[in-house]
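Here subunit A shows up in two complexes: once beside subunit B, once beside subunit C.
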Partner chain A sequence: MTEPSGAHAGPRPLLSLRNINMTFGGVKALKNVSFDVLPGEVHCLAGENGSGKSTLIKIITGVYRPEPGAVIDYDGQTYAQMSPVTAQNGGIQVIWQDLALFPEMTVAENIAFQTLLGRWPRFVNYGHMREIAIRALKKLGVTLDVDLPLKDFPIAQRQIVAIARALVGEAKIVFMDEPTASLTQSETDHLLEIVRTLSTSGVAVVFVSHRLAEVLEISSRLTVLRDGALVGVYPTEGLTQSRITELMTGRTFDQHVRAKTRDANPVVLEVKNLTRPGQFEDVSFTVRKGETLGITGLLGAGRTEIALSLFGMSKPQSGEIFLDGKPVRFSSNREAIEAGVAYLSEDRLSLGLIQPQSIADNLVIASLDGIRSGGLLSDERKQRLVAQWIADLGVKIGKQTDAISTLSGGNQQRIAIAKWLATDPKLLILDAPTVGVDVGARAGIFEIVAKLAESGLAIILISDEVPEVYFNADRVLHMAGGRISGAFDPRQCTLKDIEAAVYA
Partner chain B sequence: MRKIIQSHATEFALLAVILLISLFLSLATERFFTLGNAFDLLNTSSVNIIFAVGLLVVLIAGGIDISFAVAASVVQYVAALLLESIGGGGWISGLVIAAVLGVSLGAINALLIHRFKIISIVATIATFNIYFGLLMFFTRGVSIYNLPDWLTSRVILFEHEMADGSWVEITLPVLVMVVCVIATWVLITRTTTGRQLYAFGDNPEGARRFGINVGAMQFIAFGWLGLMAGIAGLIQAHYAQEVVPNALYGRELDVLAAVVLGGARLGGGKGTVLGCVLGVLMISITQNGLNLMGVSPFAFKMIIGAIILVAITLSNTSIERLLPFMREGARR
Partner chain C sequence: MRSFLNRVSHWVGPDIAGPGAAFIAVMIVFSIGSPQFLTGATFGSVAFQLPELGLLTLAMLLPILTGGLNLAITFTANIAGLTVAWYLQKNGGVDAGPGAFLIGSLLAIGVGALSGLLMGLVIAYTKAHPILVSLSMMIFLRGLGEFLTRGGDVSGFPAFLQPIGHGSILGVPIPLLILIACVLLWHVLLTRTKLGFGTYMIGSNIEAARYSGINTRKVLVLVYMLSGAMCAIAGIIMLARFNSVRVGHGESYLLITVLACFLGGVNPFGGFGRVIPVFLALVVLQLLSSGLNLMGANQHLATAVWGILLIAVMLLRWASSHFKIFKRKKG
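Coming up: the complex of A and B.
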């Protein structure tokens, strides 16, 4: 049985899927999906969080078995199901959304991991592995010490390692599941350049990203999934971000500047001449009750470092911090949490969530006091709290007791956000809160941020996506080289003004 | 050089602790700091080191095994009976029998863990009880003393009398231990299979996505430990010149502590042969020293417990691990 897909009379597809169905314990993750990839094309896979993108990739690569009836045509062969070994030998490479790296092993071993595969034991050639690794990193324009264990590197570098690993083999098709989620702008540009090179040399790339600008820039065709079902296949030419959003969600979102004056409100946080040499220098600003302060700038500009100091995780060398007018000096994040500061970190997938534990337990872990009744944790209160946040943030889950690891990447993110909101803070620091979150959910998250601000929370919104701070913050600070190099009022400037300053 | 120290922090810390303890013991007792005593130590530690490198492989692959020491007792007993029935045998047939029996017992653990999806600690606690129960039931606790001559006579590969009258000896157990250590080192650092074991222990899901055969990993890890346990069992019988059914009972915890002390991680993906050997040596040195000082055996169980706690805290970078926020903070 075949169905019509995006009509094309052109070249034979390299990969063609039909009748793909997949169910996880009652949740239908894919419903009768078909998907075609032409040789050498850049094909984007778009859909909201939990729409089944990663699951589809896992089926193509043999990690999951589709339900019977599936047909996978790849490179002239027909399969009812793939296996990881067949997929690799056939030239299918993947950059996994969760990276699937080996933290205790060295960077070289991670990148050249494929040389370690095979059923029969062989001797390891470490010199050869190093060469492969260095060459792959060079392609990406990066130098890393390949002899160090991967666990010594932060998330952005690990992402690079995962990318490098997929560039090692002789690929015919490379799947990239949100490869840019934790990359800086220049690293992203580099990656997009590599995607183009791959494509011109005949390698097909399937690209997943929630950054629709990237999607439009890089791809020639777009397959859209919604709730596990195929919406359609579209040529990218002529599409706009808002059209893609509509296809993905079935709704439209309009963005407008939310900024308002909050000068009458009392100051919640005041930072004076804060300095931590090598990270930030002489930083001063205030955040008022009900105000959202946006901080933008390139990665390494000191944004995250300031947030960490405000959250008690690193000590500033000099300068002062006042919370509600009182000077504070946190020596741990516990003190900061008690004083009413909440910090949603960048790398929340690995740092903020305990994967095997349940959704509910992860959500309440930072706010256990709130659900205590007479010294004991109240299950009922926990359930109510969790149900409320899940509804507020529109998280798609099966049961509260399911492990967090069963959620799609973006839904995990929302749980991480809910976890901090549940601590009922005075000051909420959101560091790149929408990395890997789909458009619909982004709108949902900023809706919540606005509501929280109205209810009197002071919010610091850190993002390297300028539009996010432009539309959602009351004031925007631009940081560069550890200093505040500009302040903007979104009502009196355009998006372009800020972007010009940031990317200057 | 800095890189080497960084990547082998555990081993260096252990070495430092061993040197400190040795220094203290040399000052406190006369007998400790002699070559004779050093070789004694090596001879007596051999069996534990063989166990330890076997267990290391299982820990690296993310498992744990409680049953290997009693499995070694089973191997001893069955091997002794089999050897008797074939009319004595020799070192070759003895080692082959011990190896085959050991690997089979290891494979039973792997089967329970892989096919029946029982977590390794539960599966091996069960086999620990089953093996030990069966052994005591069938032997009624009776030891075997009339072992073949080749097995009970000491094999001295090298000996030399020192000026102070003590003897420096290298015996067969040391040779077998060295072979086992080198073989394990080659397996886990030089072969693709060994690296797959590390990867599997480090990130099982990641390994699965590469099509690494998860079942094979379990059988290799537990099979290797079984092999080492079988060999260790035979060597222990040789060393003790008798087979006592409960002689090795309880040894599993000493070995496990030593291996973890050597930097292996419960949970997988981490551990080195060198660390593991140093871990065993550290415990033996302490035991030996306290013995020479005339400390009561109960007191030295206590002291060793305390040393394990201190050493693990210091060496295993577990200080950072206890404070994950600090680690992340420092890294930025």
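Coming up: the complex of A and C.
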């Protein structure tokens, strides 16, 4: 492709990679990729799921070794491969999406333990720890009680703790993997402010994000990967969102409101005055056959809690649920599944899929009765069923027996959807179906959702990304503080109207 | 031909490589070391000694696959043996009929399953750690057994029990036949039933399994019940082989069963592991001990060699995974 801009005149890159190749199980994850980061710049690494971003970061941090021929120049030294220790000592820090913190330990311990690890004297000095932590937080312009355990803090502040930890180790370059995925707008703004502070103090920040608005706002340069190959390196000035999407996917998207009137269809789900104190109050709504009901609102607004009650995993204190006009009261999610309710969890990593187990087993787990023959489970039927769903939903996999964790987020989510479709549901609840899924793959998932609705499935689409529900749902409910605080028809309002209500 | 080979290799699986290699190594070393090793006598003694350890290992396997452990296996076997002994004595002792033995055995299996049921309920509902729960059960059963027997042996069983411990059908020892039947039963259970499927899923991530509609409590309770029932079968075989029951008999097998599972490629954290490689691992352990015996080594030395073998297997596994990375780099 294009010769990367590291060859331009200008400051010497802090980090420069050439000829990076990587193969996993016969699949080329990276093809001859080059990548440069300048000192103190904010750089964005963009690409769909499976494009090779994470693999590249793991090569830079020494988790993976690239194939021979690779050249890694960092801070004046040349390496054929990094090791985690060289990377860390050299000031390369990564904040992974899952943060990799210790929830039971205090903020101070979380921030300071890495630098103190292996130092003499080998005693824990809590006073010293606190000092280090407070100093690191101060650099970010944040004050937190460093003596409280981390689990007492919301995710946004945990993220800040992770950044503070990275800074203690004299970072020269910090990689942030999808750092805004679980933050609200104001929390995101705060994080971006911190990123700017870091950049001015000379730390390079490489930002891996799928929220394109942030990409434009914060970074000066953009490296785009697609299918493991470098598409190019671009200055962000003058780039539009649709142009970036195009670069990432190689296709053009036009987003339009999909909403239609479904009032003639029979009601599948009716919820009346549903209440579970502390989680949601007096919630009523209906979903019709073929209808997609969007529910949006900030984290903690009670969206997931309602979904869990509809799925039989928590009991509402009062109110009624009608499925196909009949009152239902589930005492477990097995009863809900039996009755035709399916729930795609917002937490794909720890609740939605069983990551170490195979693709095939994850797909059939909720519909084992469908692969029985003569009372016993049939391997042959399983393989056939899995092959059929994989073809239907266009999932890219190696072998059916590979662990599901080897798939990209988008493909994992397709398997998760297939798992529920295999139970033949009437109502499909999709809770944050695009978390950790990239733009192109998101569009693919919403195409599947639209097809499912067309085929008569009732769908509840829960998302804190307002554009998702605006463009993909027939009606949108806004939840705040456990109550429904507004209803919108995407055909009669703008995206801004809903966003104003949500972020008010 | 190729599809047949594929099917065989699918059935055998990659996890059999470790115990398979150990098996071949043991065979070679002992055939060189001792001329009597490759004779019927060796395999005869292996065939008679294997079943007790084997049945107890099967009992250990299911809880390990769910990410747990059953430390009560040996004492559950003892208590089940006592149950049979009690019922036989109640029905004439040495003169008791086969019917009494049959009913006694069923009662024993019921007692074993009951001990598993209790553990399973506690583990499933209170989420207490299986090690603590089964340790408590182990101590309870030991105390109960010692109280009932006052620490002594119970013996005096009808003569027709002899063949169950020492007899053969077509040259195959009856205890071995029982073990093979149980191995096949466990194989089918784990690969072809919903319970087996749930066992693996729970072992990897119990919450995700629950969100997917698996009745995790039911699976856990059944797993411990089946484990207890399998212990009872081991207890009945032990009774027949020694013509007596003593609480504490087979106690040293407890940790060996755990190690046999790991030697057979079972993931110590649950979720992965198959019956056939575990069975092969058992054969290797038993051959090793019989072979050393034949060469005149002390029985205790055999136990020590088991430990070394297991460490060697861990090292080999580590080495082979490194070798793979090496190969990928080259390719």
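Quick note on the criterion: the second predicted complex is superposed on the first by the 421 of 504 C-alpha atoms of A that agree within 3 Å, B and C clash if a C-alpha of one lies under 4 Å from a C-alpha of the other, contacts with A are read in each partner's own complex, and residues count from 1 in each chain.
Going forward, a residue touches a chain if its C-beta (ideal position, glycine included) is under 8 Å from a C-beta of that chain, and two chains touch if they have at least 3 such contacts.
Not measured: the values here are computed from a predicted model.
Legend: residue contacts after superposition of the two complexes on their common chain; A:333 is shown touching both subunit B and subunit C. Of the two partner chains placed by the overlay, neither subunit B nor subunit C lies in contact with A:36. In the superposition on chain A, A:468 makes contact with neither subunit B nor subunit C. When the shared chain is aligned, subunit B comes close enough to touch A:88, but subunit C does not.
Of the two partner chains placed by superposition, only subunit C is touched by A:368; subunit B is not. In the superposition on chain A, A:214 contacts neither subunit B nor subunit C. Of the two partner chains, neither subunit B nor subunit C is touched by A:291. More residues of subunit A lie in contact with B than with the other chain of the pair subunit B and subunit C. Contacts of A:178 after superposition on the shared chain: neither subunit B nor subunit C is touched.
Residues 313, 332-333, 345, 351 of subunit A lie at the contact with subunit B in one complex and at the contact with subunit C in the other. The touching residues of subunit A, when paired with subunit C in their complex, are 23, 65, 67-68, 313, 332-334, 337, 343, 345, 350-357, 361, 365-366, 368, 376-379, 419, 423.
On the subunit B side of its complex with subunit A, the touching residues are 3, 7, 189-196, 198-199, 202-203, 205-213, 216, 269-270, 324-326, 328-329, 331-332. Those residues of subunit C lying in contact with subunit A across their complex are 188, 191-194, 196-197, 200-201, 204-205, 207-215, 271-272, 325, 328-329.
The residues of subunit A lying in touch with subunit B in their complex are 61-63, 83-85, 87-88, 94, 96, 100-105, 109, 113-119, 121-124, 147-149, 152, 154, 304-305, 308, 313-314, 332-333, 345, 347, 351.
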